[in-house]
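Note that the chains are named A, B and C in the order they appear, and that numbering of residues resets to 1 at the start of each chain.
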Amino acid sequence: MSENDAIQVILEKCVGCTLCVKACPFGAITMKDKKAVIDLAKCNLCGSCADKCKFTAIVIKKTQLKKIFDFSAYKDVWVFAEQKKGVIQSISFELLGKGRELADKLGVDLAAVLLGENMEDTAKELISRGADKVYLVDSPKLKAYQDDPYTNILTELISKYKPEIVLCGASTIGRSLISRVAVKLNAGLTADCTGLDIDPEEKILLQTRPAFGGNIMATIISPNSRPQMSTVRHKVMKEAEPDLKRKGEIIKIKLDDDLYISRTKLIDVIEDIEETVNLAEADIIVSGGRGLGTKENFAIIRELAMALNGAVGASRSAVDANWIPYSHQVGQTGKTVCPKVYIACGISGQIQHLIGMKSSDIIVAINKDPDAPIFSVATYGIVGDLFKIVPLLTKHFKNIL
Amino acid sequence: MRIVVLIKQVPDTTDVKIDPVTNTLKREGVVSIINPFDMYAIEEALRVKEKMGEGEVVVITMGPPQAEVALREAISMGCDRAILLSDRKFAGSDTWATSYTLSRAIEKLGDCSIVFCGKQASDGDTAQVGPGISTHLNIPQVTYVKKIEKIDKNSAVVERMTEEGYDVVETPIPALFTVVKEINEPRLPSLKGKMKAKKAEIVVWKAEDLGCEPDKIGLDGSPTRVVKIFTPPPRGGGRVLSGEPEDVAKELAELLKKDIVG
Amino acid sequence: MDYLLTEEQQMIKDLCRQIAEEKIKPVAAQYDEEAHFPWDIVKIMADSDICGVYIPEQYGGMGKGVFELAIATEELSWGCGGIALAFAATGLGTFPILLYGNEQQKAKYLPDIAKGKKLAAFCITEAEAGSDAGSIKTTAKKEGDYYVLNGTKQWITNGGEADVYTVIAMTDKTKGARGASAFIVEKGTPGLSFGKKENKIGIRASATREVIFTDCKVPKANLLGKEGLGFIVAMKTFDHSRPGVAAQALGIAQRALDEAVKYSHERKQFGTAISNFQGVSFMLADMAIQVEAARALIYSAARMIDSGAKDVAKVSAMAKTFASDVAMKVTVDAIQVFGGYGYMKEYPVEKLMRDAKITQIYEGTNQIQRSVIASSLIKECLAKK
């Protein structure tokens, strides 16, 4: 460690009590000669150690805080309304639900930004879901998402209207778009938030997100830049209910032609016809793993999913064995899902799989091995033969639904 | 043609165990690996080079001196050379500062046709650094690429994975691609590659080598701040249903009824 | 135990283990069930430079020896003894060329083998000539610039898959063992054909077939060494290849031990892991002792061969016999540790037992090995007098 490092242990104050070692979520602190030593490679400067230290022996160099900025020009909460083929995606309604709450806490307006072609009627839907204003940029060139024009236009609008908060879905489009906008605006961006709140004193956005596959939660702020930007995980926030009586303003905007230019060209949009319900959207997911034994046996998973109107998921080993395409894979190298009900059949529950599904509301595990790690996260566990139980489940659900 | 692959060294989650008492990650002795998604980026870079029949693949990482191990592994798979961005001044970088720093390195390298990244890192899961870099470099990007259909010196046609399927996108080159698992199966290292990696010189660039503006790197260059870290409450102990399959299935169906219908 | 591997040897070991762990292990059960020949894995080994480990650098290999071949075989066999055999049996088929081939023969055949483009197979066994290699019936008759081969070789590993066959045939039946000669026969030579694929209990991913010669005309340039050297070629080949069979057995045994230890730690009975019961734990200890002893013997034998030592038949036979007996015992014990689960095909240990069995039989049964060892002992004793 040197004096220039962002975190310092003041050796004279450190008594070697090891409280900081226990406090560190990253395992970055060790004791050497009864003094704390911080491994900067592992340290995330989260401050847990400094908080726990009773001797104020750990100091984090808070950078020369640029509080000189005047952020008073920035107000309102914005939501990027994601549309595909002219249809607003449900994530956007979730953002409006949360955005409304944040705007009310701050006493500001909630606005939605909508880019697309012939979207005026759709814009009204955003108002019914809680937006006070909708900034609408309507052009044939914006019909489908393209990185360049969307980035340019959103950046331009934010620069012009100065919202203090911008929320966007942590979707394929959202993550690609908003990361670029944040860089252009020199703004702080927090990915994949599962919790958003306003600090009652500072009036800043508190963004909570899972890190390391959900084993650690981190609360993050962007104190020195505006807007404060977040992408938000799908299916975590509650959708705003439509209220057709709500009134709001649709602000139609025309911008310089240059901003609409895309360097990339969208040649085709292909929909995966095999899947009726996509995993990210599904309320119910039935997943199969190695315990199925063969590709053909996935049929019983599909039947149960169909009976429940749910989607079909899979563990990595089932995908690697070519029993089912990669687009169904749940877990670290696949998709992260959080449905209401997740039914894991013949999945042992390796940590990489758990990372992708353990925030589901209810988890059902069916496995013949009572020691399988999947049971540690299961709301309901059944130890037994999935080939007997799954078809019976399908039968019973058909009866009651 | 110069192809750059950006990689990150992350803890191997297959090694990570949860402490049942504190519900925190046990990190002692956890091995570091190349971010799994970056392996696909390396493989795709090598394949593009092989297809073009010329050029070089340069692998870059930003991290502590130990991250050199990840670079050597990339060389053992066939990357031509490696650059490590390592400086205490980079400590505390968020995705903004990280993408700035990496983009400075790509600019310093010069004349890069394609930049490959994994879709996201397995420890941070932000997926923000790739798009950030393309913005700093002012080059087009295609994220979540699952296939390169066509590529030549001036342009590429690729498939971008979406929630519903995929988009076919044409982009001029230079461009940045972030790739998903489906794109390929990474090769294993070769013996000759391993021997080359052992001897390879890893170039280290510091903040001043990159001409970084001091207020854009490390903690100072990071607009976000972590203010609190906590472990989520553990999931409540589950209920084990037992009995004959017929009864168990019936019981579960009843238990789930309201969640599924409601 | 530390066997003081060089950096390169350690790399070979690590890389082969990585191939076994990541590429072989996940498909092993399926390839075993379907008796699927592992060309895809051969491709992976080829891309990783493993195929040429024991072939001199001038022919595109890594220039290493029997020791490196053994550690590679050991680690690959840890993944699957059958899949690893595509590699190990190529070694067996290549040794005659390495040991007795002339410059032209080496330059012609070794580079493709080193690159993994071609596999090799060694053809000696016949229906009535197993352990008694002197009673070979396949003949090679010289006609002008060719030898004409007739006869049928049996149970040839890599048969039909390999492109290069090294064949022992009789050029002069009247001379018995001294009338045998060794030839290189390329796949595609008119008169070379293959019988049905055998249905085996173990090493099912490997191809075992008859190799049939019907007026098969082989250029005389393909004679290895000279006429009458065939039996010596075969014996020297086996001296070099037996540590490989031993290493295959060792890899299988190590896997059985690893699986048994892991399972005994996870499986709970009477409220505790079964590894806490002495009946089980002592079995594990005995398995480990035997595996390590086998490794020490194999590595020593392989190093001795690489050092250029003259009389290696005895240690080579010892390594093969001991390691294969250990593999058989340890795999059976692993099933015992698994209990009823071990007897089920869903668990990996029954396959290890099936794969282990052949190592006691092929490349000379363990009974023949013991004869070799015993006669060496007598010879040594007489020499001292």
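Here, a residue touches a chain if its C-beta (ideal position, glycine included) is under 8 Å from a C-beta of that chain, and two chains touch if they have at least 3 such contacts.
Just so you know, these numbers come straight off a predicted model, no measurement behind them.
Chemist: Which chain's C-alpha centroid is most distant from that of chain B?
Modeler: For chain B, the chain whose C-alpha mean is farthest off is C.
Chemist: So which has more C-beta pairs touching, A-B or A-C?
Modeler: Most contacts of the two pairs: A-B.
Chemist: Which chain would you call central, comparing Cα centres to the global Cα centre?
Modeler: Answer by centroid distance: B.
Chemist: Return the distance between the CA-based centres of chain B and chain C, expressed in whole Å.
Modeler: Taking the mean C-alpha position of each chain, the two centres sit 41 Å apart.
Chemist: So what's the Cα centroid distance for chain A and chain C, whole Å?
Modeler: 53
Chemist: Please work out the Cα centroid separation of chain A and chain B, and write it as a whole number of Å.
Modeler: 17
Chemist: Tell me, which parts of chain C touch chain A in their complex?
Modeler: Residues of chain C touching chain A: 26, 266, 268.
Chemist: List the residues on chain C that touch chain B in their complex, please.
Modeler: Interface residues on chain C, with respect to chain B: 7-8, 11-12, 15, 18-19, 22-23, 44, 47-50, 53, 62.
Chemist: Show which residues of chain A lie in contact with chain B when the two form their complex.
Modeler: Those residues of chain A that touch chain B are 2, 4-6, 25-27, 40-48, 61, 63-64, 84, 144, 147-148, 151, 171-173, 175-177, 179-180, 182-184, 186-192, 206, 210-225, 263-273, 278, 280-281, 284, 308, 326-327, 329, 332-334, 336, 340-341, 350-352, 355, 358, 361-365, 375-385, 388-389, 392-393, 395-397, 399-401.
Chemist: Which residues of chain B touch chain C in their complex?
Modeler: 187-195, 198
Chemist: What does chain A use to touch chain C in their complex?
Modeler: Touch list, chain A to chain C: 317, 320-321, 371.
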